[in-house]
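Read through the structure below, which is laid out as structure tokens, and then see the notes.
Chain IDs A, B, C, D, E and F follow the sequence of writing; residue 1 opens each chain.
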Amino acid sequence: MAKVVTFGELMLRLSPSNNDRFVQSHQFSILPGGGEANVAVSCAILGHDVYYVTKLPSHEIGTLALDALRSHGINTQFIARGGERIGLYYAETGSAFRPSKVIYDRAHSAIAQADAEDFDFDTIMRDADWFHWTGITPALSPQLAQIVKQACQAAKKHGVKISVDLNYRNKLWTSQQAIQTMRPLMEYVDVCIGNEEDAAKCLGYTVNANIQCGETEHKHYEPLLKQMMQDFGFQLVVTTLRESYSATHNGWKALLYDGHEMYYSQYYDINPIVDRIGAGDAFAAGLIHGLLSDMPLQKALDFGVAASALKHTIVGDFNLSSQQEIVALMNGNTNGRVQR
Amino acid sequence: MAKVVTFGELMLRLSPSNNDRFVQSHQFSILPGGGEANVAVSCAILGHDVYYVTKLPSHEIGTLALDALRSHGINTQFIARGGERIGLYYAETGSAFRPSKVIYDRAHSAIAQADAEDFDFDTIMRDADWFHWTGITPALSPQLAQIVKQACQAAKKHGVKISVDLNYRNKLWTSQQAIQTMRPLMEYVDVCIGNEEDAAKCLGYTVNANIQCGETEHKHYEPLLKQMMQDFGFQLVVTTLRESYSATHNGWKALLYDGHEMYYSQYYDINPIVDRIGAGDAFAAGLIHGLLSDMPLQKALDFGVAASALKHTIVGDFNLSSQQEIVALMNGNTNGRVQR
Amino acid sequence: MAKVVTFGELMLRLSPSNNDRFVQSHQFSILPGGGEANVAVSCAILGHDVYYVTKLPSHEIGTLALDALRSHGINTQFIARGGERIGLYYAETGSAFRPSKVIYDRAHSAIAQADAEDFDFDTIMRDADWFHWTGITPALSPQLAQIVKQACQAAKKHGVKISVDLNYRNKLWTSQQAIQTMRPLMEYVDVCIGNEEDAAKCLGYTVNANIQCGETEHKHYEPLLKQMMQDFGFQLVVTTLRESYSATHNGWKALLYDGHEMYYSQYYDINPIVDRIGAGDAFAAGLIHGLLSDMPLQKALDFGVAASALKHTIVGDFNLSSQQEIVALMNGNTNGRVQR
Amino acid sequence: MAKVVTFGELMLRLSPSNNDRFVQSHQFSILPGGGEANVAVSCAILGHDVYYVTKLPSHEIGTLALDALRSHGINTQFIARGGERIGLYYAETGSAFRPSKVIYDRAHSAIAQADAEDFDFDTIMRDADWFHWTGITPALSPQLAQIVKQACQAAKKHGVKISVDLNYRNKLWTSQQAIQTMRPLMEYVDVCIGNEEDAAKCLGYTVNANIQCGETEHKHYEPLLKQMMQDFGFQLVVTTLRESYSATHNGWKALLYDGHEMYYSQYYDINPIVDRIGAGDAFAAGLIHGLLSDMPLQKALDFGVAASALKHTIVGDFNLSSQQEIVALMNGNTNGRVQR
Amino acid sequence: MAKVVTFGELMLRLSPSNNDRFVQSHQFSILPGGGEANVAVSCAILGHDVYYVTKLPSHEIGTLALDALRSHGINTQFIARGGERIGLYYAETGSAFRPSKVIYDRAHSAIAQADAEDFDFDTIMRDADWFHWTGITPALSPQLAQIVKQACQAAKKHGVKISVDLNYRNKLWTSQQAIQTMRPLMEYVDVCIGNEEDAAKCLGYTVNANIQCGETEHKHYEPLLKQMMQDFGFQLVVTTLRESYSATHNGWKALLYDGHEMYYSQYYDINPIVDRIGAGDAFAAGLIHGLLSDMPLQKALDFGVAASALKHTIVGDFNLSSQQEIVALMNGNTNGRVQR
Amino acid sequence: MAKVVTFGELMLRLSPSNNDRFVQSHQFSILPGGGEANVAVSCAILGHDVYYVTKLPSHEIGTLALDALRSHGINTQFIARGGERIGLYYAETGSAFRPSKVIYDRAHSAIAQADAEDFDFDTIMRDADWFHWTGITPALSPQLAQIVKQACQAAKKHGVKISVDLNYRNKLWTSQQAIQTMRPLMEYVDVCIGNEEDAAKCLGYTVNANIQCGETEHKHYEPLLKQMMQDFGFQLVVTTLRESYSATHNGWKALLYDGHEMYYSQYYDINPIVDRIGAGDAFAAGLIHGLLSDMPLQKALDFGVAASALKHTIVGDFNLSSQQEIVALMNGNTNGRVQR
């Protein structure tokens, strides 16, 4: 059991029932989520001692979100309380060729307006083993970009490994802004996770593959990973590769480069998909767990992909899969027989 | 934005939750629908100024149905109020080889018992651009067959284009009755939509293809469309072609003949289907929109089929798809990636 | 049937089921509402031709709110689309001595950030009979205070009667700001509705009664109403008087002064209360309806109070009561026998 | 355990959730009910061998209703299957001074269109101890009035006691029609249950008390009961007396006359009421049970009133109270302490 | 219509909504079920006179379960009441490669602790045509193993055919215990249903096929069936063969041997599966119905497989399919077209 | 903030919706609860560092219960995992004179079968300030009675204050067993909470007042409290006094004796009650909080009663009230005005 820290925004996902569209909805399910929180929950379920850091308003809706984290055993003592509102996102679930749709309402959230004084990263990082953040956090506000830098510095000071999921969000900033902010932050990063679009929009690489069309040939990705490794000196560069056949049918695999060797993960044909939001975070958490557990790189990668594949079958952002379930899938048990 | 008029019966669909069967249900979802109302809702969402004409009881259940129409922006000022009851249909949703099942309880409805005095079609059709009705309406009662004729005559007087969806319903009348009523009404029709079964049962054609088996070879349909064109002088004859592999997996395309050329639509493999009721109406509305928007025939046909394909992914009779979504699908975007 | 215009903010109310508290909720009901929208819905149900003016984001959540208005027959053609977000408020329902609780998340809404160019009040007010607004609207932003003034001026130009519900909201502005903004706006007002707290906080009056304790002796209110009449030259000054025995048991009545005579309404003992949010708006709408229908003042006041009393028995902000139901209650039918 | 037969119409009640109004509903609960079915269910729960007789359509919605009866142990072997539709009624639940509202949609039901050949009452009544019907059944159609007569004759032939609940329904027939039909049927009746309105509308008596106002002084009722006894030679005449303070607060008691003595039941102050539909039927069933169990008249009356009082706390038409619970209440246990 | 008796444990299945996992659930659906009860319900729906025998606690949760049986027309007069608790099982529904999961909480149930005196099998078996039990019942407790033997003896005495579904449950007993108990009971059995695992664990056969991997080649099974026939003198030996591609996609067929010939059933590719629990019981019931209806063996087998295939599309343990629906599927109607 | 330890059984409450009865239920809400867990949750919400000790099965249903505790911030590190099952109780909610009903299914639970080795009370009690248990825990099994003694001894060793809520449960043991077990345990207790029935059944006192009838005159209780104080040397003896007018209307107050003075709490008239289960635990937690916060005895008592009164308005066992809300009520704010 390692001490894991993640830092970012926790939102409430408000979702219509089943496949209902927004405009025909009369109630919303409340499903808390957010990239770094999703990683935190996965790591906690996998047995780690997880500290999630964010800022939530002090009213009951903030507490509702906080309680959801605590229910999974996350340590919330470093979560600041205050600010105006909790970010929201509305999400309807597609089917076949109708895509799922996300409408963000996250501006002006407590975390986006947080100050450096809200967090004491020197205390937070003490004795930590791993620090994970995503490119969403610095995109929320200039102060947050600054705070992320401080968090990374504190982590480095305490010898904490740092992973980032680049996660470019075009609703939050332009590629130009992203590149300007993210490139300097890469100096602190040990493990860099991102797909081609992220590499292009956050780090400024030119990429060729047509990602929207789901072109996932490894050969398109290998040179990019090597170039990233060379430019930033990461220990590991990782990318997930999604083949989108439809909203309910995807292919899923990943690629990892350690500067020496390319590792190709197992491949999952996922049909039907229940909910794919948070799958990338489930992968990151699985990979982190694998690395923290000293799995060989191939196995750590496969564990991450299996964890993430399972996430596609679970409603909500959080990957409510146990280590045992992930291992069973990783070991090839895909027949779905009833477990009694 | 054109003025569109549709006329027919609005029912309440009462449906068990998800895939539950009738006999295990303890609550019903209320989903208003009906062929011409479905077309009205689609046209309103696509931006037209839509007048839906029917008769609804004056009590709150009638108002509940009325409100559902108004919520989508339909103009309901010509809806008569009065009569005994609103028609219902119970519908359970199948899966795999278990078919969805519809039980009608529509007899004695307010619209089935409406009189000619309930509607002032001369006023209704003034300045209208399009009038759509289906073969269900004249099947409801002899008076309604007469009223449909009056509506068509008023439409013609005001230079309104008329489309019909033949829509044979064997629970409402015999083929003999249908032929006797529908053939004379064809004189008013500009755009005739119907499949082989409709052509046979409503217009008296002999058809060869085994529709139940889902035989959808174009060659079986082309001679029929040509014959219909020749016999009735339609401007356009159109048929949708469904390949039923299972309750949750269908193929879907359409064929249009303008007297000169055969137009073959794009083909959609729909899996999984969420709810296919109302797909034909979504097609009619899409086609009408295409024609009203002066799209070329091929594009209007493709728009109709794409609209209709999307309907299969939406719960309820109404096609709650935007023009933008339909165009995206028509342009080949079928990968279902999350829209953020 | 008169033409009625209202202008303000439409929010989505997100509410736990039944009496559940926020922190134990896993879904929210979606109940659109907002002072002026509530008045609009009531007036529409009472048969008027109602135009509600606001600004809503162009995404589907904005459309969801718009559709709710349209479902009740409100004309939404003057609603501007655009802006960042729709305002929300979270509301849990109390019981006995546990109060209902509202948490606002309305800052930065589309309407709060609207510009003068979003609304053409000269067109909107043409042929209108009545314009209603509340003190919430100018509190949303300085621009909106300016826009309210423009709306009032346009109304006056077109000879439209103006009513205001003072509705002081301490989360939106200070009393000082309110007084500075509201007093000048009173010059346009014909009918002023407000309780003692509103008179104090919005108009700067000193009041004595202990409102929190539910002291509702008429004698405390009469001098205030007379003073308001004298200071601002209203045609009518009106106040509702709530006696809060508990979250589920209230007394309810109102007082109206026309410069000559004091009118005391009927009194309702309401137990149990289902949902009291929007009751003040239901009163305003009932009073407006009474005045537009040329009821004598006593009857118009009683109609408003009866309408409002019924609202307490209905879930959501909107008063879904018919004229017939309100009249029955006003005429003393309080026995609640099943209506078959 | 006695053999009890009841005959009448089973409907599906479709109800919004909780206190929701019809026009704000998106789903309906399915609650089967109907006067004689309600009595049948109560008698079955109280341990009798109950045969309910009606006609239901052969489709699954008919089966859904049938299954609800069977679930309570009712013998359904004499229920005819066929006909067009099952009767429905929509019911919303009021609160305080907002009354509950029922909208019937029962015309053209299978039972209303049943023929004499659908039922073999000679077989049905063999070995029966009690036959109960209500004034609703003969009101459904002239054939049914005739069939009720045949049922009564068969019952008499087999020495079966007959009770009727007069239950006047002004939506089904005029008082004149009711009197013409019901008076001759009284010759078969042993136990007649009805309130003043029923006595007036079904049997033609002139009554003085203002029932709508809830005047329930015994003295108004005693002469009526004596006159009914004298005119028709009943063994027992019974009336329930409801004091309607509001939709959620009623007083409830009953009065019984055996030709010699007046029996006054216990009185219940019921607050809050959960659902009062079916309370009269719960009373009839309780009384029948008391009489079949050879309770003294006072006790049988008290048992009926206690049973009925409990029904007010239960959702749906059926009185799901056990004998033990009824006896506990009858014995004065009204404190509502948690039963562990 | 034959008289069918089944004997075993009825549990309440408590299930999260849709695909929700246990740990994210806030409510459970209540779905009664259990091997022999499932067979009973199917047989009752297929028109037989079915007596289900078990023991249920006398409290309301026991009655809730009892009512569910009665609702389908099962005769429950021989169900003993008493004991401590009703058995439960929690079941979450998987998707794709995430398996459904069952957690049993059935120990100490009323039936597991039942005594011989609770059941009078001599009376129960009188005039019966068929008695069905499964290997689960004797596994519940040593007394029950004894009682099953008594039931079989009583059945034999009255000339009742006996079928068993071996149904090995490793949570209830070891293979050694099973073999010791089950082998002697086989002497009473006419029709033995079981797959390879059952044959191995309950009867002690050595089998080769890798069932977990879904190897369903007939050749692996034929020698086993022949050997079982030879060893125990069954009239028929039957096995179902499931190919598990995923939790939502299975292949399904069966094999029957009558001592002379091997019968191979139709094959169904089931995708998507709604709920596969109870599919084996649906098969047994379908086969029993076929045999009781004197269908030829091939047709009886096909009927059983078609019945069972339909069960996969229905939520809950019970196969709510009609004879007409099963026959339609058996006759090849798999296209899933809407039935109107 | 103090360190508080509680020890006992956590059950899942399974409840029908709203006022539905068990036999009409098709789903259950899952509401975890249990006397000591309820106290733990309250104390955690009031800001204390709470350790709840129990044993839960290691499967997901156990985790579901565990997560519910963690969501409120309880430290669960000392909860043992293992054993057979989690205890359940079914609870339906009454109304008016229909009592709520609880059916227990808690036998054989993991905690009832726990061994001394499951808990290391020496570690658990280190640095603790308060230990609370109830008379339910030793009633679960003889081992648990022994373990409670060990827990008390460890608490004493570490100088921890001990409170007990006597809480006699006649379904778990006889009064004779209770007296034999509980009296010796009183030697460790500092604060003893219990009503007359508890005093009689757990400690063997003879009491006169008719508690079932809700006789709550203080004079009946004072001598008892004094005697208990004298016999066992408690620091404080406390009793809550409930006046049950109906299932939805109760009076509520408490009495405390410190050996010198009698303290009489405020009195609450609670109408309507939403859910009274757990109210006694809410009182205990409020009192403990008051004592830990060094409130004067009168204020601590009033705080406990106010906390408990609020619990009656909240669904579920847990008192989800904040300190601020409790203080507001204690200070007399009972008017239930909407908090905005």
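Methods note: contacts are C-beta pairs under 8 Å (C-beta built on N, C-alpha and C of every residue); 3 or more make two chains touch, one makes a residue touch a chain.
Small disclaimer: the values here were computed from a predicted structure and weren't measured.
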| Candidate from B-C, D-E or A-E with the same interface as C-D, over half of contact pairs in common | A-E
| field | Rigid-body rotation angle, subunit F and subunit C, from Cα fit (steps of 5°) | value | 120
| query | Of the other chains, whose C-alpha centre is the longest way from the centre of subunit E? | reply | C
| task | Could you let me know which interface, A-C or B-C, is made of more C-beta pairs in contact? | result | A-C
| Cα centroid separation between subunit A and subunit B, in whole Å? | 44
| note | Whole-Å distance, C-alpha centre of subunit C to that of subunit E, is 62
| request: Measure off the straight-line distance from the CA centroid of subunit A to the CA centroid of subunit F, and report it in whole Å. | output: 42
| said: Counting only residues that touch at least two other chains, what does the list for subunit F look like? | reply: 18, 21, 23, 26, 67, 101, 272
| task | Please give all chain pairs that are in touch with each other. | result | A-B, A-C, A-E, A-F, B-C, B-D, B-E, C-D, C-F, D-E, D-F, E-F
| field | Interface residues, subunit A side, partner subunit E - complex | value | 18, 268, 270-274, 309-310, 312-316, 318, 320-321, 325, 329, 333-340
| note | Residue positions on subunit B within touch of subunit C in the complex are 67-68, 70-73, 76
| request: Give every residue of subunit A touching subunit B within the complex, in rising order. | output: 18-21, 23-24, 94-102, 104, 169-171, 212-214, 244-249, 272, 276-277
| subunit B-touching residues of subunit D, taken from the complex the two chains share | 14, 21-23, 25-30, 59-61, 63-64, 67, 84-85, 88, 90, 92, 101, 103, 105, 107-108
